[in-house]
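Data first, discussion second: the structure below is written as structure tokens.
Order of writing sets the chain letters: A, B, C, D, E and F. Residues in each chain are counted from 1.
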Amino acid sequence: MSSERFQKGMDKLKELTIADPNSPTGHMEIGESFKDIAPDLTRLVVEFAFGDIYARPGLDNKQKVLATISALVAQGTPQIGMHVVTGLNVGLSADEIAACLVHLIPYVGFPRVLTAMQVAQEVFAEQGVAITFNPDADES
Amino acid sequence: MSSERFQKGMDKLKELTIADPNSPTGHMEIGESFKDIAPDLTRLVVEFAFGDIYARPGLDNKQKVLATISALVAQGTPQIGMHVVTGLNVGLSADEIAACLVHLIPYVGFPRVLTAMQVAQEVFAEQGVAITFNPDADES
Amino acid sequence: MSSERFQKGMDKLKELTIADPNSPTGHMEIGESFKDIAPDLTRLVVEFAFGDIYARPGLDNKQKVLATISALVAQGTPQIGMHVVTGLNVGLSADEIAACLVHLIPYVGFPRVLTAMQVAQEVFAEQGVAITFNPDADES
Amino acid sequence: MSSERFQKGMDKLKELTIADPNSPTGHMEIGESFKDIAPDLTRLVVEFAFGDIYARPGLDNKQKVLATISALVAQGTPQIGMHVVTGLNVGLSADEIAACLVHLIPYVGFPRVLTAMQVAQEVFAEQGVAITFNPDADES
Amino acid sequence: MSSERFQKGMDKLKELTIADPNSPTGHMEIGESFKDIAPDLTRLVVEFAFGDIYARPGLDNKQKVLATISALVAQGTPQIGMHVVTGLNVGLSADEIAACLVHLIPYVGFPRVLTAMQVAQEVFAEQGVAITFNPDADES
Amino acid sequence: MSSERFQKGMDKLKELTIADPNSPTGHMEIGESFKDIAPDLTRLVVEFAFGDIYARPGLDNKQKVLATISALVAQGTPQIGMHVVTGLNVGLSADEIAACLVHLIPYVGFPRVLTAMQVAQEVFAEQGVAITFNPDADES
């Protein structure tokens, strides 16, 4: 019986999300929309990705989200938006998320970063957050 | 004239590396070994990757190395070892680097992570560092 | 003269597709829509991908479609829908296709699999098929 | 407590491997060699990759290995050899494994397939198996 | 001070683009739309991608665009359209661009090439250009 | 019967390679070493990759090799060395090949390019060729 791991995963999910009165898991896609193709996907995501991995000690939540975003930018994966929201929820600033994307340019190239920036830009607008620093202005 | 950017990049490089008496840039591969195929590569790496990007404000060095490592794990890139050394130099613990690799499993899959772990393991042995925590022991 | 290979490829295509009265090749994209950019693409696809490769002995059609789908999930390729239709045509059940996607999670990560699930879900709805088993229910 | 999932994973592992008198898990890499960098990796691999996923109903073992190999060929992942051994253990013939690699050429290109063929070739030699059919001879 | 590199990059950009009365940089995406997430992105793109790299001697513009397009096809990157326009601007014919895409099939597989063809097809239609040769007709 | 395509492919192969007295196909890997795992691979490579694609009009040989190299750099594929030899054979200079690798940095990132440079460096040394220009010296 895996209910302990499921509970551990759900606790981590609540910690990562801002409570949404209509949903027990806030903004996170945890497989509910795939019930008809993989009925156990919610359980697998909550137990493994959140219970086993996200709840594992060793890194704080801000580090975990930065690592996740960086890996998805490198993959060119479309699901990055959800993780940008999580980043803001756990205390990463818009400045840190934006700086992370720019930092990856030498490693993954401009195209992958521009794709990610477009998604982050939309999330920032939806969430009403904005960057506050300007590297070029700071230099002058 | 780009000497200012070059100097900025070299300053960042020194900050990221432990001084090696035989080399101004410590352990970092900055293109010296490619002089015969791209004589300007050292300049491009120092000016752009270090002067423009690594020296850019917005993230601290530990965050920058975690982001770099995460992107390279996702790519399956062999150059990850150099960045693990840099991580240790800027203050990431072996625990944090190891935890970052485990954290990426749900996003990039086991094979990419196992490849990276093998490289990190070798670097940890060479650098005489080791992880100190055991998630399973912590749970008991 | 390559007409023999073209015929062999067309025969294989007919075997893989449900006859569509408006098209000799059913649902398969075989390059017809690229006539203006690569007039020989239909020939290359039919002769090589179907005549040389799909008609090659060694695996049955169900195995070939599973292998194709698995490779495209790993690539993050958008063309997976067409191959899900082919899979249903050659006798793979919706259960087998869905189980294949879940099986790939540890190897390619959740994001690539979720992207593929969304496409498969749409194809299942269009084709009027559904999965019949529930691993969690089976366990109880 | 996850001992039930661990046992389920170990049972699946035994089913997939030929018993090796020196090891409870035969040829499979299940993270033992990463004890010093991720002490819980063996548990995560056995519980999740084998207990949750490989033991999940919906596909037979031969289909699961074909799907795994196909995904790793597409990724260009070096760990393919271990899965070729597993394939032979669960009853895939050398002919089927070799045919799977050739089948992937139109989807992932020649270079990825040639890389995988080199690994499969070495495994076939070590395991003393060989292909028995020749498509060109069969045609004549 | 980097104004010399910026000017060098802008000069290269003008050479690569057809002057658009409403924009100093024609059709090229040089980061203007990312001002709110990375205010220095335009500078980084113009200075590095155009000033340092595109203006570097060793290849002519037509070779540089062919190399860029080929790399992006292999990556499965959506930004290929902009580079197809640049290719036409620097003198690549529609025939050469289309032939480049077909040439990549054995190396990256059909799916990546078909994705790129769809984008190139749209750009050719927008720009009012068309291919003039037909390999199959040429053979007869 | 496909002997016409096979002959066309072999003719193209001879054009691309410097005759090696011990081999009809010079330095090119055309599947001979995979006879025991895929007896028809030589035929598939010669007929499709060389007969259908490399012999297709629309690009000259130098353009075709540049496109191939660029795609393989983006993939991180190890087989790039063989294509660097082909490039030298069809008239690309070491300067052009080296410049192509540097040109790809903004699109695929430094790591993929450094991996390719190492391979190209070894091929240049084996073939006794060297670059003749130095962008930094040219600027002064």
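Heads up, the rule we're going with is that a contact is a pair of C-beta atoms (placed from the backbone, for glycine too) under 8 Å apart; a residue touches a chain by one contact, two chains touch by 3 or more.
Keep in mind that what you see is a predicted model, and the values were worked out from it rather than measured.
For the pair chain A and chain E, chains touching both partners: B, C, D, F. The interface formed by A-B recurs in C-D: of the pairs listed in C-D, D-F or A-E, only this one shares over half of its residue-numbered contact pairs with it. Using CA-based centroids throughout, the chain positioned farthest away from chain C is B.
The most distant chain from chain D, with centres taken as the mean of CA atoms, is E.
Superposition angle, chain C onto chain E, using Cα atoms only: 120 degrees, a multiple of 5 between 0 and 180.
One finds 41 Å separating the Cα centroids of chain B and chain C. Taking the mean of the C-alpha atoms as each chain's centre, chain B and chain F sit 32 Å apart. Annotation for chain D: residues 40, 44, 48-49, 56, 72, 75-76, 98, 102, 105-111, 135 touch two or more other chains. Of all residues in chain B, those touching chain E in their complex are 1-2, 4-5, 40, 44, 47-48, 52, 56.
Chain contact summary for the complex, chain A toward chain C: residues 29, 31, 34, 36-41, 43-45, 49, 72, 75-79. Against chain E, the residues of chain D that register as touching in their complex are 105-111.
By the touch rule above, chain E contacts chain F in their complex via residues 48-49, 53-54, 56-59, 63-64, 66-75, 95-96, 98-100, 102-108, 133, 135, 138.
Contact residues of chain D toward chain F in the complex are 76, 98, 101-102, 105, 109-112, 114-115, 117, 120-121, 124, 130-131, 134-137.
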